[in-house]
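Here is the structure we will look at, set down as structure tokens.
The first chain written gets the first letter, and so on, giving A, B and C; residue counts start at 1 in each chain.
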Amino acid sequence: MLEGKSLACVRGERTLFSRLDFALGEGELLLVQGANGSGKTSLLRMVCGLLAPEFGEISWHGEAIASCRERYHADMVYFGHAPAVKEDLSAFENLDLACRLAGFPAGRDDVKGALGYLGLGHCLDLPARSLSQGQRRRVALARLLLTRARLWILDEPLTALDQAALHLVQSLLGEHLAKGGMVMLTTHQPVAVAGVVPKTLQLS
Amino acid sequence: MNAISALLRRELTLAMRRRGDALTALFFFVIVASLFPLGVGPDPKLLHLMGGGVVWVAALLAAMLSLGRLFAADHADGTLEQLILTPTSPVVWIAGKILAHWLVSGVPLILMAPVLGIQFGLSGAELAVLMWSLLLGTPALSLIGAIGAALTLGLRGGGVLVSLLVLPLYVPVLIFGAGAVDGAISGLGSEAHLSLLGGILILAFMLTPWAVAAALRISIE
Amino acid sequence: MSGFNLYKYSSPATFYVLAGRLIPWFYAAAALLGAAGLYVSFFLAPTDFQQGEAYRIIFIHVPAAWMSMFIYLAMAGWAALGLAFNTRLSFMMASALAPTGAMLTFVSLWTGALWGKPTWGAWWVWDARLTSELILFFLYLGFMALQAAIDDPRRADRAGALIALVGVVNVPIIYFSVKWWNTLHQGASVSLNTAPSMAAVMLAGMLVMALAVWMYAIAAALSRVRCIILERERNSQWVAQMLGAEPHPHPNLPLEGEGTNVEGI
């Protein structure tokens, strides 16, 4: 269970939000909404532990995330603006190493299977440099298939994806939620996950 | 441990695919050292006396030049955020990254140094001391420099700023490194210098990963 | 909590007023002590039989050098406090001290050169102390350049604090290495260590001058920290009230009461 209490975020001299509360339980999807510059990305980075809140506290199963960092990060996966895909490595190497670094080594076949599922089966060994923007984001999203993390924090996961990939990601979200996972995400596109009514968090 | 070997493998693979970057710093090292005789004249006696210091100053500058590669690319493509979010302790993976950086940018300097030493007329024993001093000193340069690299992530004019932050901190390494070679040349012995250099390396190894971890947190916010 | 409340003074708003009251006193003390110290050093202290009148520059040189080192320590102390307790005022104090420290380092280098010419026959010698002082000057410049390069005040504060701490750990190592290097390369040169034993009047002059520099440094740092507070808090209500103006219509003005939360320790 992820909880945020009276969070405040100040960037430079601007107070983006203050006194923000949210809670996210098992099987729940939390949509963070708001205009550009309202602090959606800052909130997600705060929830990850990348950004210290100016005020307030975020807790994971009742414990402040700063004091249970290792356990929290082992249980969490973050998908940010930059896809963390190295241009000089192939799609396979990128995903393989990303999983190893995050501490959930996956077998060769699992990695290949995940890339295949996201429609990258034919360019496993191409350097990521030759992939399109959308394809790179798919490489990064393929982590979601392999991770065992219960909490997914996704910042604009649907940008630059085609229709087919959109459906894949949405069904991926559905499976994860059905297993009792938690998802916090921002998007400018409508998200429809079968059988789940998303909670929303509006930033003004 | 698994994560660290994966990180090392990734860093080395990336360096192999971008050999040009490491080679550029190496050529810079060679060129800077070769400019000194052109500046001060070809007198062999003078050059012999200066040799250790010149090679060391050139190594210092080359090490500083390669600091930009340590975190900047990972910062730009989001890998750095992912690294911070791994369950592994930051101190551990930071030490791993610095080790990889030293293997790619420090070790070539050590291997190239004897060639430059010969240009300055250093004898075999003096060359050996030069290599020893670089072997102990260049990892310390990578460690100390990492703090500057982490603090200046994503800033305008980061490269020049790094030199302003890091070069004063390099002074002890330079003094003991070049001093070791001077000791060998003058016959005073270089053990004391090398031990002090080793001491600095141990101290830097114990302290800098913590400072770098703090610096990265500050820069990434 | 009753009685004296330390946390109250760690709030920029309270400290701004307090500093404003203290500054004139420190400047006055600096002026009085400076006048007294200069009188003692230039009129009462005897002429040195070896160095003649030129030695009198040390009455400025030595206090400036002492203070330049002490300010770096103080800066690192404030930086450590700021990082440990997340108090904004500590960071502001650290940045306010840096220019004064750099200025005094420069003064000590300059007066060192002025003294060196008649004494050693050269404007600059690679004496261990002068070299360390030069490196200290570079450390100050690095701190200020780093803070100037960062736009976000929070990051600037913390990055500066970290480099100040790294610097303070390094200063003894640097000093030791430079001393080592100097003794190996120069042997027994004229060094500041071997200054002839000082007459009591000379010592008194030096101490009074040191106090004057101390007072000046405090006054200058406090004035600067007031400017930094105003600049950082220009959109807050207390600044608007103090300046007797309507609060600046800013869409992202912090909510009422939040100032104290954010402030807090």
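In this text, a contact is a pair of C-beta atoms (placed from the backbone, for glycine too) under 8 Å apart; a residue touches a chain by one contact, two chains touch by 3 or more.
All of these numbers come straight from a predicted model, not from anything done at the bench.
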Pairwise touch network: line, ring, star, complete, or other: complete
Between B-C and A-C, more C-beta pairs in contact link B-C
Compare the CA centroid of chain A with every other chain's and tell me the farthest one. C
Chain whose averaged C-alpha position falls nearest the assembly-wide average: B
So the centre of each chain is just the mean of its C-alpha atoms; given that, what is the distance between chain A and chain B in Å? 37
Per the C-alpha means, the centres of chain B and chain C lie apart by a whole-Å value of 32
Roughly how many whole angstrom separate the Cα centroids of chain A and chain C? 47
Do you know which chain B residues sit against two or more other chains? 221
Using the touch rule from the top of the page, what residues of chain C touch 2 or more other chains? 154
For chain A, jot down the residues that touch at least 2 other chains. none
For the complex, which residues does chain C have touching chain A? 151-154, 235, 252-255, 258, 261-262
Can you list the residues on chain A that touch chain B in the complex? 48-52, 70-71, 73-74, 76, 78, 80-89, 93, 97-98, 100-103, 105
Within the complex, chain A is touched by chain B residues 2-3, 6-7, 9-10, 13-14, 17-18, 76-79, 81-89, 93, 220-221
Chain C contact footprint on chain A (complex, rising order): 8, 10-16, 18-19, 54-55
Inside the complex, what are the residues of chain B that reach chain C? 147, 151-152, 155-158, 161, 164-165, 167-169, 171-172, 175-176, 179, 182, 188, 196, 200, 203, 207, 211, 214-215, 218-219, 221
